[in-house]
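One structure follows; several queries about it will come next.
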Amino acid sequence: MLKPPLDLIRLALAEDGAEADITTLSTVPAQQQASGSILTREAGVIAGLAIAAATFRLLDDNVSVELLVQDGAHVEPGDVLAHLSGPARSLLSAERVALNFLGRLSGIATLTARCVQVVEGTHARILDTRKTTPGLRSLEKAAVLLGGGQNHRFGLSDGVLIKDNHIKAAGGIAQAIEAARRTAPHLLKIEVECETLAEVQQALKARADVVLLDNMDTHMMHNAVELIRRDAPLVLIEASGNIGTNGEKLRAVASTGVDFISLGALTHSAPNFDVSLEFA
Amino acid sequence: MLKPPLDLIRLALAEDGAEADITTLSTVPAQQQASGSILTREAGVIAGLAIAAATFRLLDDNVSVELLVQDGAHVEPGDVLAHLSGPARSLLSAERVALNFLGRLSGIATLTARCVQVVEGTHARILDTRKTTPGLRSLEKAAVLLGGGQNHRFGLSDGVLIKDNHIKAAGGIAQAIEAARRTAPHLLKIEVECETLAEVQQALKARADVVLLDNMDTHMMHNAVELIRRDAPLVLIEASGNIGTNGEKLRAVASTGVDFISLGALTHSAPNFDVSLEFA
Amino acid sequence: MLKPPLDLIRLALAEDGAEADITTLSTVPAQQQASGSILTREAGVIAGLAIAAATFRLLDDNVSVELLVQDGAHVEPGDVLAHLSGPARSLLSAERVALNFLGRLSGIATLTARCVQVVEGTHARILDTRKTTPGLRSLEKAAVLLGGGQNHRFGLSDGVLIKDNHIKAAGGIAQAIEAARRTAPHLLKIEVECETLAEVQQALKARADVVLLDNMDTHMMHNAVELIRRDAPLVLIEASGNIGTNGEKLRAVASTGVDFISLGALTHSAPNFDVSLEFA
Amino acid sequence: MLKPPLDLIRLALAEDGAEADITTLSTVPAQQQASGSILTREAGVIAGLAIAAATFRLLDDNVSVELLVQDGAHVEPGDVLAHLSGPARSLLSAERVALNFLGRLSGIATLTARCVQVVEGTHARILDTRKTTPGLRSLEKAAVLLGGGQNHRFGLSDGVLIKDNHIKAAGGIAQAIEAARRTAPHLLKIEVECETLAEVQQALKARADVVLLDNMDTHMMHNAVELIRRDAPLVLIEASGNIGTNGEKLRAVASTGVDFISLGALTHSAPNFDVSLEFA
Amino acid sequence: MLKPPLDLIRLALAEDGAEADITTLSTVPAQQQASGSILTREAGVIAGLAIAAATFRLLDDNVSVELLVQDGAHVEPGDVLAHLSGPARSLLSAERVALNFLGRLSGIATLTARCVQVVEGTHARILDTRKTTPGLRSLEKAAVLLGGGQNHRFGLSDGVLIKDNHIKAAGGIAQAIEAARRTAPHLLKIEVECETLAEVQQALKARADVVLLDNMDTHMMHNAVELIRRDAPLVLIEASGNIGTNGEKLRAVASTGVDFISLGALTHSAPNFDVSLEFA
Amino acid sequence: MLKPPLDLIRLALAEDGAEADITTLSTVPAQQQASGSILTREAGVIAGLAIAAATFRLLDDNVSVELLVQDGAHVEPGDVLAHLSGPARSLLSAERVALNFLGRLSGIATLTARCVQVVEGTHARILDTRKTTPGLRSLEKAAVLLGGGQNHRFGLSDGVLIKDNHIKAAGGIAQAIEAARRTAPHLLKIEVECETLAEVQQALKARADVVLLDNMDTHMMHNAVELIRRDAPLVLIEASGNIGTNGEKLRAVASTGVDFISLGALTHSAPNFDVSLEFA
């Protein structure tokens, strides 16, 4: 289960004015109790259920929540995810924030799972990127894990990924790799972004640990993979760039034999997952 | 221009490890200067450009940014939004966070503008909802405005919107409206969610200020609008529920004569807008 | 009961150095237990009792508090509000902060109740204003509710109140109302501040939802009320400006038939309510 | 000048929704400039003028403020305190928060100055207490200084003040003083609260540095002062307890020859000082 | 026991990435339980044990901690300080942060205890200074207390300590003392730093409450003490300046008869105390 | 130059009561200007000079600071590091906090430089550890870099370091490495802690990227290095465990041919570097 980010939940409740829900305060008696269920309206993978539960309980610790599935569960439309009971006011006032978390994170997990399924049977693993919502990176990356994906580096401090501008600044691929090897922490591998086979060859020659094939068509990518496997069998291969999350292109890229495919859309364009709270 | 949320930008930079960008620190000399441009790769409406600029400058106030368009501008693929110049390291280390803000907010503005265009020529105005990203509500609602939409209430404290569970708790539509009128601040109107014509009639009888037609098919919605216009011409009408952002349903709903259409997808499912930073 | 604002209580305890109470630490043994009561020394309405309790418990959760009355209770001098027991050091070190909250908020509730009593039998309801202590607005407005008053808008985002400078900027009352109607969220009513009957007439003509009679003498106010009731029976009427909290003027204003009287003094000049902690 | 508490000002602006001032945003054009003056409506001592200025400038640094007086100035009704100019929207949206600070702090300074005047010609200096608004202690104590008062200890960590419960816990006045002397930081004096002459004698015998005469009538207080001056001429004397801020009692207490009179009302019950912003 | 500084512990856990301990997450099963002990590897005084315990429990409240000694305990190498049990992952991921607190604070307590022992039999008490780690002052000063030392003032607001530059600015020792007596809170004593006997004489003449003998050799210090005891027996005497924490100089200074010796090294140069977590 | 951590500096100034420096406020006139220099009293490497400068300027931006050396400079006793000028009060009130940062960080840089010098001529590079002061890790690790050392992983999320308990939990070295390779981000290398030659052999067999020789005597370490260089020339070698910072042991370990030596004492036991502020 994703650990609830208490400060962010508090911020979201404040942002929504959940403690000053005028409609509820004026129409629902303080002592009225209620119960309800969180239901899915589509198929997918759940992420953020404990966060949704914590949202209700942060607003009012008299709310009881029973979780029926775990984060990571594959669900069908109409599945019940949790039962809630407690003061009616608190259920109503926390509902929107709770579902906002659950819908967004499950949306990411579900899209990830769909991509993982597309590449099933190939060698490729699905990676996220740093294209996440400001302030929500750790949640969104955790949702990718729950969907069966794998995390690329969390941020700029935990991996070396040399791109074209670094190469230009350093004076060439070899110089950039050499500079990184000299000063980066010794537990970090060095990945180099390549757009041509010539660049791939230079990266291998300079002993890159990982090669990123960026924006290549699948034909060139196929050749690149072949080249790398032949000359440097221990080197890892990642593909990225306009691959998309739902179609043939993704499958074709996976079929070239790359180790990893990174997809910005997992976190920056996942549609919301449809969940609702139904009162008993 | 959207006012840059400095604390959130700082959080996002920290989250990304922008001050410990190992790749850049090891491959790019400290004194190297660079310049570049932020470019669009698709058509749409820009939101968050000053935020992107502030991101670079928060990391390093030696970066200069010249904005070529304003938030709210309609752009075409390849348009240049801003020129940047300054220490190469800072441009590289802040790039991702800056573009994450710009891509997400422009995505929302662009989707909103598309919906506004769909309903053009009708009376209907496009509204957002409270289905926003936790922590980013004010930014996302501002992006909706830039796209030509209008904001629904910001949170639970600045409007009365009576839904089915409030009605149940209060003992009926009339009782709920009466309770709200008695205790809500006197500057707030009272809106009532209705799913049937009978509910609409009750809401009018109890003198609701606004009626929300929720999850009605367009036929019933048409009848509801007619009924309201006849019996209570000052009452405002909002439509919501599974209307979608891109197709016929939206146009059909607008054609019924409602005043407002609220769309959760504007903020919870807008795809990222594609922008990039190209170095000179 | 007012919900304890934990962060503010922590700030207040820190500000008071409650964890470094040198006198207590040096004179009272760590293991010594004590008990005591919170007593009133005057008649009034209680607000902030749960906050006072939370203050003791935030400093030391070994303190037990039994509340004998609820926020909103009308009390007489000498009434016991709560029993406390626990480590003597903690009772002594948290005392001042706890009573600071309780004294200030009960002061506001008590002053409000007095004003409500003054207007008893009239139609008028007592409103607060935005003239609150920086950082304490939600607490102070809640204390007004407990005293029997009603809240005006919480801040600038949850109501439209057009004043003279807005009218000047917009080019007239009609233009200002029209501009507000076009862009303000559709759940907000529009109130216009008027100082003359001519302005009242313009506001009615432009279909203001609420009219604020500001700084009028009671004679003019009487005429304004009459005019509004005759021409626009659905329009709400608020009075404000130098009305004072304790005397004839307040009663006279209420007797003109206005719906609301707003009083800055409720929150900006309420005298402290006298409470004390007596040890057993 | 009181140094502006930037975080608290930001909080107060946020609390007031100053960046989402719907009325102003919809009625005042973005590019409109305005100017105005902050005026007093009563006589008193100013405190918080730089804070008010900072409030406008924190909302919008295009606002220019020219201060015509300094904090601590004695002013008459109608005096102009500052000129403001800048975007009309920003002047309007920040006005209330700026005046809330200025009104509250000047209220405290003014009440303090009045008390100082009452005791003029006597030896007594006016002290504040720890009965301050939660979160505003340093501002309120600074306002007391500006009014000509002097600060008692800031909190529980910067002074030893032994009260009845400490004495009981320690087993007597002598034991309490001895315990404090053994463990309190060596730069802190030891003050003992006494309600009878017998207690005063014990305190002197145990070599208290300061004696607090609490809740004594002026006759007993007179005798206590005489006793202390005779037996322990270096000991300082403070009076407190139901002395009030405006009348004969205060003068009478001062006339007994005490060194200090501490008054909770300076900070917990000071009426707001009336200031306004008038646009040109 | 030192009260755990929850915010700082959370910061330290975040800084260490304790919730994203990749090694542990990938090698240790989620459900695996473990138990272990915190052991000393050297002799000394313990400080921060409850903080270490709270560190484990803040990361995961399923961890149980049994403390076998209290803060302030004198321990020998190999002593067991606490038993821990709970999820193996949590024990491993919180270990480093917990030990960082415990090692640093026990290091300070241990060094303090050693200095206290050096001066045993003399009149002198060991004081800390304001030379503490930014952000950790209250913890470090509490550790000094646990080691048997005493605290000097916490900060610049809770004591008057007049140094050479203050004297220069005020125009002389007498003027500086007089100015401080006039405006400082009446519960604060006035200490004056003196480097010569002449300065000591001036300080006494101006009735300083405390004299600080700074950077004197032990011969001059001896004379200064004699002078003060003869002329002003109630004045307190503190020594400081290059005294060191471990040798003859400290003992010699104590033997001059001073009341206090303040040592910056207690907090700015205490070596870490060696503790470890051994799994069962 | 180390980038000043503004929030931490503000916290440290608040902790020290720098805005309520009673001594300075009462003895130094507000308008008095002063100038001074920061001087070293010992030889070493400077770290934190820009932080010290920022401390003065955060308290009062009227202070001017001219830096004469850069962070990383090797200095001799008596060297002038910076000139300061501005309001005398501000120089005096910020002095201690500024020097606390500078002394601690320069202490770390200086100790690191000394260790780097000890291993000069060998292949070994000096690494820090995660044994840092809670809340100051990034500053302390930056100081290590300035002293010529290199950083080990920043925290638990940016490197895989498998220790004995991970091995036990995973069921053996091979299983632990395999598990890490399957789930850790693909840019992280895998390091394994070994205490015997047998463990080293298992680590090599399982294709660890880095081997940590922990607590070995130099003889065994010598053999381990030989074994690794022969069988796995690309594998990196780190040594740790009771090596100490100042003597023969460090040199002997370096001479075994390891690539890295990690030293906890660099950050947890560095003595303060002696700097002072002398007024002109």
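Residue numbering begins at 1 within each chain, and the chains themselves are lettered A, B, C, D, E and F in the order written.
Convention: a residue touches a chain if its C-beta (ideal position, glycine included) is under 8 Å from a C-beta of that chain, and two chains touch if they have at least 3 such contacts.
Source: prediction; values computed, not measured.
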Work out the mean Cα position per chain and let me know which chain is farthest from chain F.
-> C
Distance-wise, how many Å sit between the C-alpha centres of chain C and chain F, to the nearest whole number?
-> 53
Chain A to chain C: how many Å between their CA centres?
-> 46
So what's the Cα centroid distance for chain A and chain F, whole Å?
-> 34
Contacts with two or more other chains, residues of chain D listed in rising order | 20, 138, 154, 157-161, 183, 185, 188
Okay, what are all the chain pairs that touch?
-> A-B, A-C, A-E, A-F, B-C, B-D, B-F, C-D, C-E, D-E, D-F, E-F
So in the complex, which bits of chain B are touching chain C?
-> 127, 150-154, 157-161, 183, 185-189, 191, 209-210, 236, 238, 259-260
Along chain F, where are the residues that touch chain B in the complex?
-> 3, 138, 154
As the complex stands, chain E meets chain A at residues 19-20
Given the complex, residues on chain A that touch chain B span 8-9, 11-12, 15-18, 20-29, 32, 34, 88, 92-93, 96-97, 99-101, 103-104, 107, 130-138, 154-163, 165-170, 175-176, 179-180, 182-185, 188, 264-265, 268-269, 271-272, 279
